[in-house]
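Got a structure for you, questions after.
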Amino acid sequence: MRERFPLLAANPGLHYLDSAATSQKPRVVLDAMREYYERDNANPHRGAYALSVRATDCYHEARAKVAKFAGLADADCLVFTRGTTESLNLVASAWGRANVRAGDEIVVTAMDHHANFVPWQQLAREKGALFRIAPITHDGQVDLDALGGMLGARTRIVAFPHVSNALGTVNPVRAIATLVRERCDALVVCDGAQGAPHLPVGFDDLGVDFYAFSGHKMCGPMGIGALLGRRAILERMPPYQMGGDMIEVVGDEETTWNVLPHKFEAGTPNVADAVGLGAAVDFLEGIGMDAVLAHERALVAVADERLRGLDGVTVHGPAAAMRSGVASFTVAGIHPHDLATILDERGVCIRAGHHCAQPLMRRLDVAATARASFYVYNDESDVEALVSGVREAQRIFDGHVARG
Amino acid sequence: MIDPRSEALYQETILDHYRRPRNKGELPGANARATVTNPTCGDEIGVEAIVEGGMIRDVRFTGQGCSIAQASASMMTDVVRGATVGAARRTGEALRRLLAGEPVTRDALGELLAFEAVARYPARVGCALMPWRALDRALQTSGNPAP
Amino acid sequence: MRERFPLLAANPGLHYLDSAATSQKPRVVLDAMREYYERDNANPHRGAYALSVRATDCYHEARAKVAKFAGLADADCLVFTRGTTESLNLVASAWGRANVRAGDEIVVTAMDHHANFVPWQQLAREKGALFRIAPITHDGQVDLDALGGMLGARTRIVAFPHVSNALGTVNPVRAIATLVRERCDALVVCDGAQGAPHLPVGFDDLGVDFYAFSGHKMCGPMGIGALLGRRAILERMPPYQMGGDMIEVVGDEETTWNVLPHKFEAGTPNVADAVGLGAAVDFLEGIGMDAVLAHERALVAVADERLRGLDGVTVHGPAAAMRSGVASFTVAGIHPHDLATILDERGVCIRAGHHCAQPLMRRLDVAATARASFYVYNDESDVEALVSGVREAQRIFDGHVARG
Amino acid sequence: MIDPRSEALYQETILDHYRRPRNKGELPGANARATVTNPTCGDEIGVEAIVEGGMIRDVRFTGQGCSIAQASASMMTDVVRGATVGAARRTGEALRRLLAGEPVTRDALGELLAFEAVARYPARVGCALMPWRALDRALQTSGNPAP
């Protein structure tokens, strides 16, 4: 598998364990984008010439592929965005500003990424709505009872992640959506940034209103992502950004909007990166998303066992079988940054920090954790390198303690 | 086998200051204070000082962070206590230059040369400089300009 | 020059005259992006490992290059966006919503692209402000006297294009900015989508508050663009999108923002396309922006002369010497779409339509025009192909008239 | 040298309808009307019809556009005048299938086969179908469902 990823093939000693931040790219994805630029590049939608029609076709084909991958039958309900952050801001701004009133309530979870936390927090402030944070259990799962207890007549929005980027916790999306539907009439927004890359999505069966993800975390290029929504909601919602392609008629005083998905895609579309994402989902489907998840779970189970076998190491979150390929841990007496530096010198790339989840860090009562995240190109040798690096760090730090 | 590079970074001096920080805690009567946060990792260093007549009479630090930031804060408080505001600023600037690989008079740095290896870890330079940024901001709040 | 652009090199019979919509890409730009993905790819800003530091450096270097290219000394005042449309929406949403009140006035020009028209029109509607459209002269220039007469104590925003995409008119940016400063205390926003690709910008000398452009129109990739602003304004302005990288501390109830430029760049940055744009400005600087403009003006002068020599052809806008490389024309009795189809069969790609400038089309009293736009890779053979294609179209349409 | 492909597209019939459109103008007494705009080019076709007892008694069109859209509108009004709403819809659907390259009974199309070459110009298919989309919407407003 490594040899299908040029960066990894060129760096045999590299143990890349930061795929939850961004993934490496297979050659087929880079080739697809290059081929687009070398053969089909033009501004789509607007041209009356064959090259522009080809660009338009490339773009439509990419949309169809990605929609199918995510289990969305109506591809016009997939809006291409820059990524998860933009997708969630789009919903918070376009739907939120039009529908949330003073006294309404917006519920997020304590494990949300800043991208699915700050937009709702600020929307609540702007509108005078109540911003509520559903707690998590001690082992880092959404506390469904507590969440249920927060839902009521004034709840307008419930936002939560499919998978926690900081812990790897896989949330029961359908169960949460059902719980919300039973108790209130709220918009259900699922942050799929760590869902789509790692497990089958099946949007049409999830029961949520919106689902967002980023291409760069799923073998695709940077600069592209998606927002999937229900047609009835998208059609009633005002547009987000305004400009070319999203209009029907621009009058001096009034403007009318184009149909879906164009209404939400202002400006020249990012065809090349959409094509790249199309190639990425082809690549992932070639492996099979069930196989991707199984592979990650196997690795993370080994990692958990090996890390927990070391003195002073805590792995946060639920059991490996309830996570995707993320192992978030702390080592007594060694700050995650120091760990990351020592590991880096041994070719092991992990992330150290709050993982854009400061509310979660406060609840775990740590300032930061070290996070190793696994993907299709990792194997047990990466786990070995990680574990021996952690032991090395302990030797450096403890050695000095002993001497000090 | 301890890697020679990590060894250079995690010197005895640095780990000693990390393990047994000097001047850590709040400073009653401080007339200059500031806190600096690293947005990428959430680490935080606060500095409190008593500044009189352009002189740093006393200084302490608070907060949490990695060994580099903690050791840097600890050593900084040792180095600048009793110095003039101007001298403290010059020392901070000298450290910044050292870590940016710019020319600098090494003698001005003394004990701070222990951080020299940090220059080879661009991701960590910010950690070493964080306490100095906090000091700089604190001195701006003290209303005592450099002489 | 053509051989430096893979798509053009592979299609010797192609006369690509739609660069105002999107440009073709030189090999060096495609190589730079590929190299980034194959050598330096990681999530920047967040990692404590060497690969991530390299990605961060790539991103910073791209920002420095693009800022220098555009004449902006303080590179932290360059915000990477998806493109012009997003840049302008950012200003309209973040600055506009915070600063425009009922009764204020927003002034745009009759030649603005929808991207610099609709966001202001809708902002005015939302805020109860007056939306005013400065007229153009009969030859398609901003009517400075009329514009001056519209400015007053309630004017809060004046928006205009550096260069009209529909006509090619190059506006006197500094003179307009000076006029605005003399008469009122308004935000001056310049749409540089057709400026940056075609002539030297010199942001720090222009006297405007904001300047926006797109990478894909200037030999760069799709998916990246820039917003340049004055530091004092950017610092006071609330953020636009919210999420990772743009925060300082996320509390349960309040959040504080990161410093410039991060405050306006929420989410994982599009490093690869920024690197591509950096390579594109290197490429353009290798030619020299004065030389780019001179080359386009020479071609458009020939095109004007040849087109005007045909019966029933009208070229819209001012004299070639006051335009960039755009020739917007109509042919009596032949709709621009029909023209585009007939030209396309002869390998000539032009655009037919309203060019996202419906307000301008109404004032020119045409539903659509045909537009040929020239760039660095075009030469006189492209003009020849265009002119002979137009004659061919006339033959087809007139021939039938004669027989009918 | 006239290119054979353009020749196929710009047939005598099409150019004739473009030059001398039939049934162009407003229709007094119309009880069904709709306008469709092409957002990419701004072209617009309006259709007005008198529908009685499921039958299109009269129909006219307005608006501007390229030769393909104008000729299509002109020919459409000829073809559907006097037809039932259901038959008109079926003809429109047959044209859509022809231009999408889907299987279709050619006999159902008659004179409309003049548009066959449009299928080879994907950018222009929308032009040919625009009047039919307008008719479809107009019929929906008439309150006269297909029999």
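For reference, chains read A, B, C and D in written order, and residue numbers begin at 1 within each chain.
Quick note on the criterion: a contact is a pair of C-beta atoms (placed from the backbone, for glycine too) under 8 Å apart; a residue touches a chain by one contact, two chains touch by 3 or more.
In this text, all values refer to a predicted model and were calculated from it rather than measured experimentally.
J.: Which neighbours do subunit A and subunit C have in common?
T.: The shared contacts of subunit A and subunit C, listed by label, come to B, D.
J.: Please name the chain that ends up farthest from subunit A once chain centres are defined by their CA atoms averaged.
T.: Most remote chain from subunit A, centroid-wise, comes out as D.
J.: How many angstrom lie between the centres of subunit B and subunit C, each centre taken as the mean Cα position?
T.: Between these chains, centre-to-centre, one finds 46 Å.
J.: Would you kindly tell me how far, in whole Å, the mean C-alpha position of subunit D lies from that of subunit C?
T.: Going by mean C-alpha positions, subunit C sits 37 Å from subunit D.
J.: Averaged over CA atoms, how far is the centre of subunit B from the centre of subunit D? Could you give it in whole Å?
T.: Distance between chain centres, rounded to whole Å: 77 Å.
J.: Can you list the residues of subunit B that touch 2 or more other chains?
T.: 40, 42, 123-124
J.: Going by the contact rule already set, what residues in subunit A reach two or more other chains?
T.: Residues 46-50, 52, 245, 247, 249, 337, 340-341, 352-353, 358 of subunit A each touch two or more of the other chains.
J.: Tell me, which pairs of chains are in touch?
T.: Listed in label order, the chain pairs in contact are A-B, A-C, A-D, B-C, C-D.
J.: Residues of subunit B touching subunit C in their complex?
T.: Listed in rising order, the residues are 37, 39-40, 42, 122-124.
J.: Under the definition above, what is the set of subunit D residues touching subunit C in their complex?
T.: For this pair, the touching residues of subunit D are 2-3, 5-7, 9-10, 12, 15-16, 19-20, 40-44, 64-68, 121, 123-124, 127.
J.: Across the complex, what residues on subunit C touch subunit A?
T.: 6-7, 10, 14, 16, 18, 21-22, 24-25, 30, 33-34, 37-39, 41-43, 46-52, 82-86, 88-89, 93, 113-115, 117-119, 121-122, 131, 133, 214, 216, 221-224, 241-245, 247, 249-253, 255, 266-273, 337, 340-341, 343-344, 348-353, 356, 358-359, 362
J.: Give the list of subunit C residues in touch with subunit B in this complex.
T.: Spelled out, the residues of subunit C in touch with subunit B are 45-50, 52-53, 57, 245, 247-249, 258, 262.
J.: Given the complex with subunit D, which residues does subunit C contribute to the contact?
T.: 334-338, 340-342, 345-346, 352-354, 358, 361, 367-368, 392, 395-397, 399-401, 403-404
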